[in-house]
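Multiple structures are listed underneath, in structure tokens.
After this come two complexes, each holding chain A, first together with chain B and then together with chain C.
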Partner chain A sequence: MKLTLRIWRQAGPAEPGRMVAYEVPDANPDMSFLELLDVLNERLTLEGEDPVTFDHDCREGICGSCGVVINGQAHGPRALTTTCQLHVRSFSDGDVIDIEPWRSVAFGVLKDLMVDRSGLDRIIQAGGYISAPTGSAPEAHSTPVPKPIADSAFDNATCIGCGACVAACPNGSAMLFTSAKVAHLNSLPQGAPERASRVLNLVEAMDAEGFGGCTNTGECTNACPKGIPMDSIATLNREYLRASLGRK
Partner chain B sequence: MSFYRLGDDIADTTAPDVPIEQRWDKRRFDAKLVNPANRRRHTVIVVGTGLAGGAAGATLAEQGYHVIQFCYQDSPRRAHSIAAQGGINAAKNYRNDGDSVYRLFYDTVKGGDFRSRESNVYRLAQTSTQIIDQCVAQGVPFAREYGGLLDTRSFGGVQVARTFYARGQTGQQLLIGAYQALSRQIDAGGVEMHARTEMLDLIVIDGRARGIVARDLVTGEISTYLADAVVLATGGYGNVFYLSTNAKNSNASAIWRAHRRGAYFANPCYTQIHPTCIPRSGDHQSKLTLMSESLRNDGRIWVPKNPGDTRSPDQIPEDDRDYYLERIYPGFGNLVPRDIASRAAKNQCDLGRGVGPGGLGVYLDFADAIKRMGEAAVREKYGNLFEMYDRITGEDPYKVPMRIYPAIHYTMGGLWVDYDLQSTIPGCFVVGEANFSDHGANRLGASALMQGLADGYFVLPPMLGNYIASTKLDKVDASHPEVTATVAEATGRLDRLLSIDGERTVDSFHRELGEILWNECGMARTEDGLRKALGRLPELREEFWRSVKVPGSGASLNQSLERANRVSDFLELGELLCVDALHREESCGGHFRVESQTPDGEARRDDDRFAYAAAWEFGGTGGTPVLHREPLEFDYVHLAQRNYA
Partner chain C sequence: MAVTGLLMLLFLIVHMLGNLKIFFGRTDFDHYAHWLRTIGNPVLHESWYLWIQRFVLVVAVVLHAVSAYQLSRRDLKARPTKYSHHQRAKAGYATHIMRYGGITLALFIVYHILDFTTLTLNRHGVDGAAYDNIVSSFSVWWVTAIYIAAMICLGLHIQHGFWSAAQTLGYNRPSRDRAFKGAATGLAVLLTVGFLIVPVSVLAGLVD
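Up next, the complex of A and B:
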């Protein structure tokens, strides 16, 4: 397959960037999308050009490292699929593919396709945990958790923190990410004692990091490779209201 | 014998000489304590944020130590522990099915093919129950029964259901738990977190680990960090094979640099190969993906009887198929242990009966299961795995048999540690997959997560406290000659990599290294093959340093430079891997020497000659490593040969 890749090149955070076109004449349909970039990078290296920088690690769709905007879609055209799990067979011979970094006020470009997502970590640091110092835990069976609650907590906990929701949102909001954590921990009995402070602190941190507001456009959930639903945002809003009303 | 020298024996002197059930209590009681008020004056460096490192950093900070922590990823949440699928073992005996700490200990020693240290394994089994409590308290959403209690399943050939799980994403959920605990400490100021920062070298002063040299991967800046102790939690070295199920950036540089500074490297040849991975699709292949072993419960493995049969699988009639596992191992059939299933697949492909690109694959066929259970039931049980397979291969396993092939998955070897998890460099502790301690020659399923968390949450913290409380350390600063020398060495190495400007890419060397190791030191190892590899590897290393091409500069973000630096270490580690495999003239666990097998082709241990852990001392680049043997004593579990016929 012959593909033309138009890739965002930017030497550093303060440098101007631009789209640069590269031909890949020998793309194999069985390649993953990142392997396509590998092949291009091998060639660029031998030609003395700077290879394209991009984040990636597990290449199994679970670590959340990778993620680029492909033809305007975060993680590309396949639903429930991270960039590393997308394969070249999803494209056709002769296609021109635009590849850009996540774009959001809160995610600065570090180089080429790599962005700074540390804001997501700081949201979690603000309260996305249950305070249970090592050694303090009661016997695991001392608190049964109804299966539907455990299952829904799990569904929300599958968020991989890739940032696709932010990249897809016209407002650059991190609501889906934040709400997944709130829905995961606030629904569990173990998370109850910090329920109010958690949601208030997470939302405060989210705003402080420069993520935009949520207007329920739903682009986030469409882009989410793990299928975190819009319901989670409703849960966050309910938790937030409940906590705000209860606040002195 | 010319590939190594024999040095003095080595022994663990820290496990107390009391009955095995009392050892850990006794050790903790004997351990010196650091006054809580004094802990914040002590700095501990933790490298890595996987299950072991994340758990250690969080716990040490909770106890009051000042922790400086590093990961090369952009967030501590991304460490490769996250990719573990199956589950975590614990001797809770919630099923009342006869499980106990002793049985978990016994299964693990036996599963490790009698090449692990009894004291450590017993402690691992003891600690296992606390891990589950800890994780549940953190909000880890384990699978539950309708009554609200935790569900368990059985795993990997043991006869009790002691594996706790969170669908097929147990590693992810446990890691998120540790990451959240770590995040809490970062927010509280107990942990100073440096993401996108990679350790380049270990700083050793007066024989003790006192810090690290690290590179900020975004700015390229090289800095030193000094501490009272250094904890390495940097995972395994499976990527030495280039193609493995490890994350692309998983590397052995931290442990290899520590090895070069004096930490012994134990049992590098104990590598685990997982039988059910998706085969490579071409030369572009960058990594391999594991498919859960549970598929072997209902899928049937076969190859065409006739070598070179290119018909599509549905055109091959029953008579022309060989269900070779069912034929050779009628008792266990498709459920033989990992190493046996892997080797059998390789043998079939060596006979020219392999399927798919390059003939490196065998069929895992669900046609019978679909006929027997119905497609809906198969979908219910394996739907997510089938989807993953479809996504990667573009083939629908409900219609076409899956193709699978073995791949490197886990490394049991690692830095040698004593019962306190301290390496042979005082003050340098090693936890998780990076050490060699608990799995012997073969790791059982669902035991890696258990070990990582046991080390990080429960074993390391008191032992590290003991070290700090019982060691008088002089104050050091960045002007110390050892510090400046280590920085100069690390910087010089990167400069040298950048200055070669040769004609081969880093990846081309890495691929060639991997191919040599996979062919000669993979599933089946022979003296001839290993000698051949040991002839070629030094040449490859020299060629690398002569003709690698690393573009860009060291003063900014440069992923090629990162890779080059890691591959330069893999090249040296690969040699030690082969030396260890050559010297161990027996088969055990993941190490299969063709010369040492039973008449029916099974692994044959040689307990008289090899019942020891091999701890290697660095002998210089291209030099002769020195072997220190730690004799293994089995006072509780009786030595026996495994039999799965």
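Up next, the complex of A and C:
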């Protein structure tokens, strides 16, 4: 397959960037999208050019490291799929593919397609944890959790923190990410001690990072490779109102 | 935005139902228009209730607009660099048009008040002759056209706004999502059609 990749090149955080076109004449349809970039980078290295910088780690869709905007869509055209799990066969021979970094004032571009997502880490630090005693694991049956709540908490816990929600949101909002933590931890008995403070601290940290506000466009959930649903955002709002009004 | 929006929505439902009284004829409608000024009598003085309601509505509109402005400013600041490949939106037209639709509605409200409350722009313009004032405005095709455009904006605004309010206030849950989305569309259609029956009927000569 012959593909043309138009990639955002930016030498450093303060440098100006631009889209640069590269031809990949020998793309294999069975390559993953990151392997496509690997092939391009090997050639660029041999030619003495600076290879394209992009984040990646597990390459099996669970670490949340990779993530670029492909043809205007976070993680590309396939639903529920991270960039590393996207394959070249999702495109056609002769396609021109635009590859850009996540765009948000809270995600500064470090180099090319790599952005600084530590803002999401600081949100987690503000409340994405529970106060669990250390020592041996407690007997699982000592804290019963109804099945629907356990399922919903687990669905929200599948968030890999890739930042696609922020990248896809026209407002650059981190609402879906933050709501996944609230919907996960606030619904479980283990998260109950920090129920009120968690949501207030998470939202405060989210606002401090400069993320935009939520207008319920639903672009986030559409882009999310883990399918975190919009009702997690309703849950965040409900928990926030509850905590603000001081109900225990 | 959710609370003020719902307050305005409540007013619009009552406003729309009241408008339909025009089909009972001139005497009935003018009597209804006069009665609006006597609500709360004798506890409240003539028109006091109306002024209280106007005050509450103006506060709601202003708070709604200020919130929208603050949210928009914050949102535009959060995405300083646009994507060079335009994003394909999943969100519908109603969601996409919220900001411009809201501005259009604000301008329309000013026009609407100048037309039927202050009667500044009204062709008939006789205080208390609500029925004839309405007929005189809607007999002009382009006035009716403005109302049609504005009410379509209103319907779209409500379609996204009502469901969005359910999200913002935390009332939405997976089991209620379809109900809220259905109610939003239902309210949007009900209000758009309900409001437009009057001008269209006047223009069609059914009310004169």
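Everything that follows uses one rule, which is that the second predicted complex is superposed on the first by the 241 of 248 C-alpha atoms of A that agree within 3 Å, B and C clash if a C-alpha of one lies under 4 Å from a C-alpha of the other, contacts with A are read in each partner's own complex, and residues count from 1 in each chain.
Everything that follows uses one rule, which is that a residue touches a chain if its C-beta (ideal position, glycine included) is under 8 Å from a C-beta of that chain, and two chains touch if they have at least 3 such contacts.
Keep in mind it's a predicted model, so treat the numbers as computed, not measured.
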item: Contacts of A:Q125 with chain B and chain C, given as first, second, both or neither; value: first
item: First (chain B), second (chain C), both or neither touched by A:R59; value: first
item: Which superposed partner A:G172 touches (first chain B, second chain C, both, neither); value: second
item: Partner chain in contact with A:G76 - chain B first, chain C second, else both or neither; value: neither
item: Which superposed partner A:N216 touches (first chain B, second chain C, both, neither); value: second
item: Contacts of A:T235 with chain B and chain C, given as first, second, both or neither; value: second
item: Partner chain in contact with A:E100 - chain B first, chain C second, else both or neither; value: second
item: Broader residue contact with chain A after superposition on the shared chain, chain B or chain C; value: B
item: Touching partner for A:G67 - first (chain B), second (chain C), both, neither; value: neither
item: Sites on chain B touched by chain A in the complex; value: 55, 58-59, 62, 73-80, 82-83, 92, 94, 130, 132-134, 136-139, 141-150, 166-167, 169, 172-173, 176, 179-181, 183-184, 186-187, 195, 218, 247-250, 281-282, 284-287, 289, 388, 391-394, 457-458, 461, 503, 505, 507-508, 549, 551-552, 556-557, 559-560
item: Residues of chain A that touch chain B when the two form their complex; value: 12, 28-32, 34-35, 38-39, 42, 45-46, 48-51, 53, 55-60, 62-65, 78, 81, 85, 87, 89, 110-111, 114, 116-118, 120-121, 124-126, 128-141, 143-147, 150-151, 153-154, 157-158, 160-161, 184-185, 188, 190-191
item: Touching residues (chain side chain C, partner chain A) in the complex; value: 71, 74-91, 95, 98, 160, 163-164, 166-174, 177
item: Parts of chain A lying in touch with chain C, wherever the complex brings them together; value: 8, 19, 69, 71-73, 98, 100, 103-106, 168, 170-173, 210-213, 215-219, 222, 229-231, 233-242
